[in-house]
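For reference, chains read A, B, C and D in written order, and residue numbers begin at 1 within each chain.
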Amino acid sequence: MVSPAVDRLGAQSPSQPLLEVADVTLTFGGLHALSGVSVEFEEGTINAIIGPNGAGKTTLLNVISGFYLPQQGQIRFQGRDILSMPPSARATLGIARTFQNISLYRGMSVLENIKLGAHTTLRTNVLAGGFFSRATRRQEAALTQRIKEEIAPPLRLNEYLDDPVEGLAYGIQKRIELARALALSPKLLLLDEPVAGMNSSETEEMAKLIQRVRAEWDVTIIMIEHDMSLVMGISDRVAVLSLGQTVCEGTPAQVQTHPKAIEAYLGVDDDAVTEVHA
Amino acid sequence: MFSLKFSKRNLLGIVGAITLATITSSAALAQSKEPLTWSVNLSLTGPLAYSGELQAKGFEEFAEWVNQNGGIRGRKLTIITDDTQYKVAVSVANLKRAQSKATISFASGDGTPWVRAVSPENNQTHKILMSSGSFASDLVDAAKYPLHFVPGPNYTDQIIMLLEHIKKSHKGSAPARVAFIYSSTEFGRDPIQASKAHARQLGLEVVLDEETAFTAVDVSPVVVKMRGAQPDYTIFQGYATSVWPEVIRLAREYGLKSQFMGTIWAMDRGIIVKLGKAADGYTGVSPYTFKSTGSKDEVLSAIDALRRKNDPAYDGYPTIPYMQSWFSALMAKRAMEITIDAGKPITGENLAKALRDLKDWNTGGVFGVPVNIIGNRVPVGRIYKYDAGKNFEPVPISDWITVNK
Amino acid sequence: MGRISIWVSLAVLLLALPWASSGYVVFLACLCGVNIVATLGLNITTGYTGLLSLSHAGFVAVGAYTTALLSNHWGVPILVCILLSGVMASLVGGIFGLPSFRLKGIYLAVATLAAQYTIIFALRQGGPITGGDSGLVVSIPQIGGLALDTNQKFYFVVLAVTVLAIWISRNLFFTRIGRAFIAIRERDFTAEVFGINLMRYKALAFMIGAFYAGVAGSLLAGFMRVVTPEQFSLTESVFYLAAVVVGGAGSIAGSIIGAVFMTLIPEFIAFALESTQEAFGFRAIAILGSVREIVFGGMIVAFLVFEPRGLSEVARRIWARLKRTKSSSSDNAHSKHT
Amino acid sequence: MMFLEYSLIGIAAGGIYGLLALGFVFIFMASGVFNFATGQMMMLGAYFFLAFSKIPGLPWWAAFALAILGSIVVAIILEWVVIRRLIGQPVISAVMVTMGLGWMLQGTASLIWGQVPQQLPDVLPRAPIFIGEILVPGRSVWGFVIAIAVALASVVYFRYSRTGVALRATASDQITAYSMGINVPASIRLTWIMAAISTTFAGVIAGSINGVTPELSNVAISVIAVVLLGGVNSVGGVIIAGLMMGWLETISGVYLGGHWREVIPYLAVLLVLLVRPSGLFGSKLVERI
């Protein structure tokens, strides 16, 4: 699973971005959620989308993972237009995500929740499943092993694998969500507020995790986050969204000093920022 | 080693259970020699509960009567009554439960589904004599149901009696206009095709053929249709206590003059009386004698005595469901007496044969004439008319009719 | 080891049943088997996948009639009948499952209600083919030239099929299919993000559930030897739902416990009333139906309000307590195994 | 001509559906619970009326008032003991629980009053009414008039009274309603009371047609179809849908045969749902991600 560093460098060399969002416009009954948003994400980078609440950040994420069909614009993944694809098809391309408000599946153990992330990597049909064919058993065993050895340890989840998800601590649930997304062995990982509601040490840890994921799993990351320390700390590029439009886009340093960004975000809505930290 | 102990205990328990079960079942077999046990399955709840209650009473008091007079050839009669809720699975389960308690020599059921469900296995293995409250037309097929006996004429027979009566009594030059109104149930639809055919044979005109729900439904459209069709005679089939009375009321309010008629389950005097004036002249078929008071016949007078004893409010009219139970029971009793007298074992075949061989059987007043069993049924009945003037006394307006087939 | 001994004794008990007990008990055992299979199916559709179905009895009917027709007209051996009935029912289930693409929750429930009524309506109006209201008498089920003309004989077919059905459904939930079902129940749109094709899996859930229903119907036809429309009324659909709820939605064990419990409860009530005959007089049996309704309804309400995870959860807790006492009484080596 | 006559009768019969559907919708709006016990509540109301009207010397209207009171008490108890615990539970729980309650009510009724149909005192004038050439049974007409009157009255109440406003707020969004300081549990209870009233009216009207048995609840068998046809969140819509359903049932019963009555409503609603999942008059319920 862990690919040697040379691959990454090789993959990075062509300047074609992994994901291009081109002039995407989405309206809900006249109300403009996104108007002409364009932004590119280079392979192997950590990208942050920031902006005041209601700026359309999550909407953009939902467009990328296919919940909303924009009225106009394009979304190209590895150069091919994926707008026409349903979310399930996009998953097979290697787009995974986590959710702002955790959506783990009750009635399944932690392990099973993570396994669910690997749905597209398995090939079991009803008959094989019903009679628990050898192939099925092998696949399941292999997956379990992969989770136990590669995914769970960095997220410190091994001890919980057999527990039911309900009733686990918030931080742990966040990590499980991440693990589930990783189980899909994604090329692109969308994180919707990965550290929302975490204390500083947890945030610290999550920051390390995200960087490690990028490094070891060869994953491009797009995250929505209010926590500026995290955003500025680990992102390669930051895009600022406001009122459904990209205000500016660049390196953390550039953005921090960009007047529009300050006006759009820090100026207007910093109580929102603090409230996320609380 | 703990688990070892555990398993031992388990197996022990099983062995115990098995032996216990075998003992009890064999014991049941041993003691069931003496008294005769019948299994009676009736719909005591659900839409048919009204007649179910009365039928149950019938079997109860029949047993009372038999046992007062020393049982059937000295053998005491016990009856196991169960509620079927008019559900096949339940009724079959009931019979099996009864069988697990004692050897069943006669089983009576609530309706056609029961007969159909029980027959296949019964015909092969248990071979129990059967009867039921069903008068379905195809039950007369003695090849398919060799052990089941219909306690009267089947529905088609009954409607044919009515049609023949119409043919005879109809005044006027134009052919009589007949309407059939029936419930969308198995017993409702049962005789309709055959009856319509027969009506045409008789040169009667079938002007309306209307199917309605079995219970609670707005019957206005039906009456509107009647208003359009203007039938001289309207025959109800396959209802319990609702729909047909309301049709009568509404039709009278609409000023329709049609002569209303009913088959066995649409002849209940209680309902007629409730209907009052609107029901004056209501006509229908009953297989059995209506009134028990003042009867000299053995069975009927016994019924009268029992009814008066058990029900102070008794008005002299044992209900039709009650009489149906009695006649089903009488058939079984007679068959068993004959078989015992002949020194034969009490098996379904012997009992059935005894019944089929009966010649001009005197039913002690239940039927006004000696009856024969043709095609596993007693195709005998009589037409009565309710007279509001005489406190809704059902007056026989025909002789006892035997449908010859 | 403790486990094994329990399983062995259970197997012995089940295999010995026909000889050890009256026809009545065997009959009930068969009925339990049928209801277990049917309930398993509904639990997959409704309990695990969260697609509320009120047409399960309708699918059972499809299976029952398929078997009746196959064995009456072509003398197809019962095992083949069972399989084909399952297939037939799952096809019908697939068709009526189609609305589940567009409809959710109560809307879907009503769509399935339509399915229930339509199926029964079709059977009643089917004329000579389905025998209309009077239904069909099923010819004696055959298996390799052997005639299974009594419950005692047919019992073993029921037993085998039931065990197989339990095993298969259990397996299913070790695989991605089972996981997908649960994910759809919990939050279908997030499930989509992980590559689960909602349409396909919802249809699949319906078809598998209906397949089980069809198999159950086939067994029912095989030992009842008669199929009539009113055997498969809406009430029966609700009965299966009740079994799922009382046993435990989203639990295999729950399906088994629930089905057996719901099948036997009326018998217990009947027994209770009979043993108090003298006190009540004749009326005792007459109120059976009413009492049954009240008890059924009461149980559904009680479980959903106070123990939504059903009897299986209760059983699990008791079992856990037993284990604790056991492991404390015996050395720790065992507590691992049990 | 005949067709017109059938249509009138059908629409008249639909009045009860509209009334039942209304009580159904109020409950759904406030608590998101589908009350599958509507039919049994109706049946119970009829039995209450029957029981009270047997009290010697009690005029029928007093008996009816008592019946409504009885139904309200039952409804409040159900809501308080059971339904309140269901809010936020998945749809299936609510459906099953209300079905369970329905069974309990039905069983209790048949335990107390038995299975034998009983005649309600003839409250509604039976004399048929001529509308030009067309003749309509008195019952139907008066039943319809009353049903619609009650329905409209409760709609007006729902629209304009202060409690009605609170109710609507609860309906649109519980959280907001709470924050607005509206007593949500109270307004949910209120919907059950309104349902109890409407079902009792419906029960007495329906019961006066064919007598009262525990099976009377079957009259409401297609009320769920009515509600979805009209749209779960459209008060006016369900009343119209009720009339449509009554008409459809009667017409199909007349021209296709009685056995069609059961299927037609659900086939109709199924078709409508597939084209318009939110019903004929309902507005789409948006779902948040």
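Note that contacts are C-beta pairs under 8 Å (C-beta built on N, C-alpha and C of every residue); 3 or more make two chains touch, one makes a residue touch a chain.
Computed from a prediction, not measured in an experiment: that's the story for all the values here.
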| item | value |
| --- | --- |
| Comparison of B-C and A-C by number of C-beta pairs in contact, larger one | B-C |
| Chain whose Cα centroid lies at the greatest distance from that of chain A | B |
| Inter-centroid spacing, chain B versus chain A (mean Cα positions, whole Å) | 73 |
| Interchain centroid distance [CA atoms averaged], chain B/chain C, Å | 35 |
| CA centroid of chain A to CA centroid of chain C, Å | 42 |
| Where chain C and chain D are represented by their mean Cα positions, the distance between them in whole Å | 33 |
| Chain D, residues touching no fewer than two other chains | 110, 259, 289 |
| Per-residue multi-chain contacts in chain A, two or more chains | 67 |
| For chain C, residues that touch 2 or more chains besides their own | 189, 287, 289-290, 292 |
| Chain D to chain C touching residues, read off their complex | 34, 82, 85-86, 89-93, 95-97, 99-108, 110-111, 224-225, 228, 232, 259-260, 262-263, 266-267, 269-270, 273-274, 277, 289 |
| Contacting residues of chain C [partner chain D, same complex] | 46, 50, 52, 99, 102-103, 105-107, 109-111, 113-114, 117-118, 121, 124-125, 189, 238, 241-242, 245, 249, 287, 289-294, 296-301, 304-305, 308 |
| Contacting residues of chain A [partner chain C, same complex] | 65-67, 86-89, 91-92, 96-97, 99, 103, 105-108, 112, 115-120, 122, 124-126, 128-132, 136, 140, 180, 184 |
| Of all residues in chain C, those that touch chain B in their complex | 1-6, 8-9, 12-13, 16, 19-25, 27-28, 31, 132-135, 137-138, 140, 149-151, 224-226, 228, 230-231, 266-267, 270, 282, 285-290, 292, 326, 329-330, 334, 337-338 |
| Touching residues on chain D, where the partner in the complex is chain B | 2, 5-6, 9-10, 13, 110, 114-117, 119, 126-128, 135-138, 140, 206, 209-211, 213, 215-216, 218-219, 250, 253-254, 257-259, 261 |
